[in-house]
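Look for chain A in each of the two complexes below; its partner is chain B in the first and chain C in the second.
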Partner chain A sequence: MKNTNAGILWLKSHTTPFILSIPLLILAVLVQAYGDTLLVRIVTVLFINLVMVLSLQVFMGNSGILNFAHIGFMGIGAYTSVLFSMTPQAKAATLPDLYPFLRPIHLPFLPSLLIGAIAAALVAALVGYALMRLSDAAAVITLFALLVIIHTILVHWSIVTNGPRTLFGVDNYTSLGISTFFGILVIFIAYLFKETPVGLKLRASRDDRYAAASIGVNIVQVRWAGFVLSAFLAGFGGGLWAHFITSFSPYAFYLTETFSVLSMLVIGGTGSVSGAVLGTVVVTLLREGLRAVENSVNIAGVFPNNLVGFTEVVLSLLLILILVFRPSGLLGSQEIRLANTIPLASGKFSASELSRESSPKEGEHV
Partner chain B sequence: MLTVENLQVAYGAILALKGVSLEVKEGELVALIGVNGAGKSTLLLTIAGVLRPVSGKITFGGDSLVGKSPEEIVRRGISLVPEGREIFSSLTVEENLRMGAFVRKNQAEYQQDLEKVFALFPILKQRLHQLGGTLSGGEQQQLAIARALMSHPALLMLDEPSLGLAPALVDQIFDLITRLHQQGTTILLVEQNVDRTLQIADRVYLLQTGKVKFGGTAAEVRHQGEVEKVYLGGVE
Partner chain C sequence: MLSVEFLLNAITLGSLCALLALGLVIVYGILKLVNFAYGELIMITGYTLYLLNASFQLPWLVMALIGVLIAMFTSYSTELVAFRPVRTKSLSAMLITSFAVSTLLQNAALLLISPRARAVPLPKLFSASLTVMGIAIPWRNILTVVTSLVLLIGLTLLLKKTILGIALRAAADNFRMTRLMGVPADLVISTAFVISGLMAGIVGLFWVGRTASVTPTIGGAPLLIAFVATVIGGMNSLLGAVVGGYIYGLIFSFLGVMLPQTLLDYREAFMFLIVILILLIRPEGLIRGAGTGERVG
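On to the complex of A and B.
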């Protein structure tokens, strides 16, 4: 087998990330070329959401553990990255009590993003090993507690977060191009992780953790790896968002955002990367559409009072309907792929090889 | 190869195995038969490390297995295909097979092994990219055995592989076990289908309420008439 042949075979059976990325890439290019400011903003947010939802899918989809702590890692990534990317002057204005050693640091955007992601991953790595021993409801409740703890720290650590007040003075670095790049990169990372040995073991442990353990899977270890990668990517997402919105408070990284990202993943389908992408696109566009409807209804004065929360109510109803009628999401655990590109048995075996009786050899086990 | 000596296993206060001794030699097909509750599955689960014995010894290739984790025991070459074929239903057939191969160091042999498994189970090749949960019962059983084979077990333990399968599939499974045995795989088989089992096994242990009632060759078991006694009445 030549390497190039093997590579083509591999690509043929892994068309999913390409099928998912190409329409999104086309959308980004079209919007960049012809879209107005509002549309550019919507699509930029779409790609940031994509990073958040896919990073959630990396852990939650493969391990089957509902992860409420996810947005906490987004917060860690956001605050850490801006501490490195802001100019000393901006820091002096918004964070007057900042630790002296942090004041003069001023790094470019990408290294700052990376540091934010590493910070989130480090926190996940430290608390994760103990947490990953838990399963089912115990794991969910503990992860929720972790979100509350991270939130409380962000609210009270005024020296670096400006406390519950808004932190401002962040430069706007996250353009449509940057968010598109990371959104598509994360599609590939999430898909490839699923296919790695660790991802496969994690999915096996989701199906039946006792059976997986009995064939040699160290459940805590594979869950931990997924958790840390997921937090790393969430940290990236947080940094991207922070440098898009440019001023924010710890309340941005709490329940509203948690349920927003969770609903995107659940509506699309937790078990697959395709589902996560579809859910993000559908919910983001639907939300913008509903907001526009809400605004025009209010401006036109159809009702005596202003319509409030229309968007949230419709999205919640949608979530309920999905959970009732398609509990595994729009796409379930199946990936979108080109139908007839899966080579039968890697295409390596001929029919004659199959039908022949296997000749027994002494001392050799099948 | 595998020796079990005076093994006692308890579920809470109840002794399920009351001092069982048996031996499996390399290349043998040894069957455990006995009515429900005799302790057959308990014995397999204890050898696999899922249950801990109260007392007694289990040695495999000279090393004691008592107190080792299931993971460690799989690495030493004992694979259990549990009753009720616990395959990973949301993984594809191919991924299920890859799961079986993880404990081995040599991944280069993977393709070769896959080919051998397909020769034994042609249906799995057709189903390669289907989810495990969408297979029929017989196909799932084949997949469970195939997955165990992917780990190159020195000893393959099968817990009631014909349970709940249609008669035609039962024949297939027994043919398969015979073929594996002929190829040199050492097998410890638990079965309720006594007739078929006596036809293919080298040696048989008859378990009754946690004890070995009789051990011998299949022919001896037939002549002693012990099987009828155990299955048709006369419990002590």
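On to the complex of A and C.
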């Protein structure tokens, strides 16, 4: 009896992931039932974006470190999962020089996704432990350097990635149902991670590095845990994306995509899962709307040249405006939850991690 | 392998890198902002040359001068419009802003001009070369080295002899104290951005000269070079940036000769591996600046 009561109490104070996922679930069901092909595509993309943005939030939101390497892990997950899920015939067509031991491997979709995610997590685990010692500008530059290194390897390791050329022949497995399932799963994972002891310690290290260290938080260790989980989920997202888009090149996993995912997270609010979800929904819909405008203007031939880059111009302006006027994002660090059930570990103590009050001393090693 | 040509090429590349790194560090030293929009200033210079050439008949030097001025002005206006309001917020907010400004400028070029490469006018001298003792040295390389030296000397004089320069150096060392001494923060930061734009503009002239064309993404490569060079030399020291730039030129040219063909493609990855290793082992770089690294807005 006591256990059930405790369980109900816990649920009552952690309504956020339910409140966030129910509308999304309803949206997915409605679109599946009544939507046309275009709408199904848009909502599938929305859920894949959700996986990417929430996985970024897991590390960046809780640790306060701007993570440029994130999309690199998405790329690792995409290419690895594809290597396992493609049929040997498709591999022979698109990757003729592939290592012989990889050629006959043909796994179902979900195990391939998992292997892709594990590969991304392994890379993160290997390089991460040393990198997590760095903070602030040094950390940002190193993670940026990591993105460049991963990108260079993806572009030049032709045997596995088909080099800078497009890799084709991937089967389309990521349906609306699959992406909805994983999008909502990641909402729960991101929220629960925030509330675990590790997540709590990580947030403490974000708000005040020295205070956290002084009460015994091993900052490198908690950061590392967040980084690896974030990369694992990013690898998953990459696999989902790869099996949705079915032909892609390494250039898909570089600065443009980084900007896209980063803008979703920052516009919504880095510090909370609710903010990340809101940002993803708002920016995805805005992007699709702007794309539609771009396309119709191009088809109508209003301008002599095709309209390219319009979407990004509007989004970057929006991002700058948000940073100037509301630097902690639309939602800040507040989680959406039912009233009267605010638990102790609410975000209100860290409402300002993108504003200056709580930012610790810069440029020092942990 | 270690021929005269090799050394000359390394020094030419090094000079460009030194200027690039200097422009990045002069802002970083004061604001602790790694300006991602720095590469786009090079793009702006390139497009100014292209647009001027397409519409007016002007001597190249005049166009070049206007190109550099526009880069300086763009640098100043990004500071005014985007960086000044977020300056007092967190480091991440400022970095994301600079990333957004970079994306904005790139896509504005894409939108307003074209995604395709555009031809840029070059002076005749750029394609000529000087033959000394049987070695042909392109005039472009000589000009690069000489211009860099002149700029470095000029900047040194500015920083050592003028009040503005002393204020800049003081701000790079300890911005809060400098402000307490009555130096206006806005002036110092704006000056740093203008100098940054000057460096980018002048490098831009030579950079677009390599291919005689300009694309919206042309700023990417020089930005990455500036990153590596500043980390090698030391993020908190102007001298470090110059040293880092020349070392970058040497290492990059060395790798070009030393690496076997199969690994040559990964040269960029090696350069960034050096960055990571330096930041992990000796984060202050080769030359340790006086600054404590504390950022004050």
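The rule is simple: the second predicted complex is superposed on the first by the 333 of 366 C-alpha atoms of A that agree within 3 Å, B and C clash if a C-alpha of one lies under 4 Å from a C-alpha of the other, contacts with A are read in each partner's own complex, and residues count from 1 in each chain.
As a convention for this text, contacts are C-beta pairs under 8 Å (C-beta built on N, C-alpha and C of every residue); 3 or more make two chains touch, one makes a residue touch a chain.
Source: prediction; values computed, not measured.
A.B. asks: Touching A:Asp208, do we find chain B (first), chain C (second), both, or neither?
C.D. replies: Only chain B is touched by A:Asp208; chain C is not.
A.B. asks: Touching A:Leu319 in the superposition: chain B (first), chain C (second), both, neither?
C.D. replies: Second partner only, chain C.
A.B. asks: Could you say whether A:Gly216 touches chain B, chain C, both of them, or neither, answering first, second, both or neither?
C.D. replies: A:Gly216 contacts chain B only, not chain C.
A.B. asks: Should A:Pro197 be classified as contacting the first partner (chain B), the second (chain C), both, or neither?
C.D. replies: After superposition on chain A, A:Pro197 lies in contact with chain B alone.
A.B. asks: Under the stated touch criterion, which partner chain does A:Phe259 make contact with: chain B (first), chain C (second), both, or neither?
C.D. replies: In the superposed model, A:Phe259 contacts chain C only, not chain B.
A.B. asks: By residue count, which of the two partners contacts chain A more extensively, chain B or chain C?
C.D. replies: Answer, by number of touched residues of chain A: C.
A.B. asks: Can you list the residues of chain A that meet both chain B and chain C?
C.D. replies: Common to the two interfaces on chain A: residues 353-356, 361-365.
A.B. asks: For a test of understanding, state which residues of chain C touch chain A in their complex under the given definition.
C.D. replies: 28, 32, 34, 82, 85-86, 88-93, 95-97, 99-101, 103-104, 106-111, 114-115, 216, 220, 224, 227, 231, 235, 265-266, 268-269, 272-273, 275-276, 279-280, 283, 292-295, 297
A.B. asks: Under the touch definition given earlier, write down the residues of chain A that touch chain B in their complex.
C.D. replies: It is residues 197, 200-201, 203-204, 206-208, 210-218, 271, 333, 342, 344-346, 348-349, 353-358, 360-366 of chain A that touch chain B.
A.B. asks: If you look only at chain B, which of its residues touch chain A in the complex?
C.D. replies: 48, 50, 70-71, 74-75, 79-80, 82, 86-91, 95, 98-100, 102-103, 111, 113-120, 122, 125-126, 128-129, 131, 147, 149, 151-154, 179-180, 182-185
A.B. asks: Considering only the defined contacts, which chain A positions touch chain C in the complex?
C.D. replies: So the residues of chain A touching chain C come out as 64-66, 130-131, 133-134, 136-138, 140-142, 144-146, 148-149, 152-153, 155-156, 255, 259, 262-263, 266, 270, 305, 307-310, 312-313, 315-317, 319-320, 323-324, 327, 353-356, 359, 361-365.
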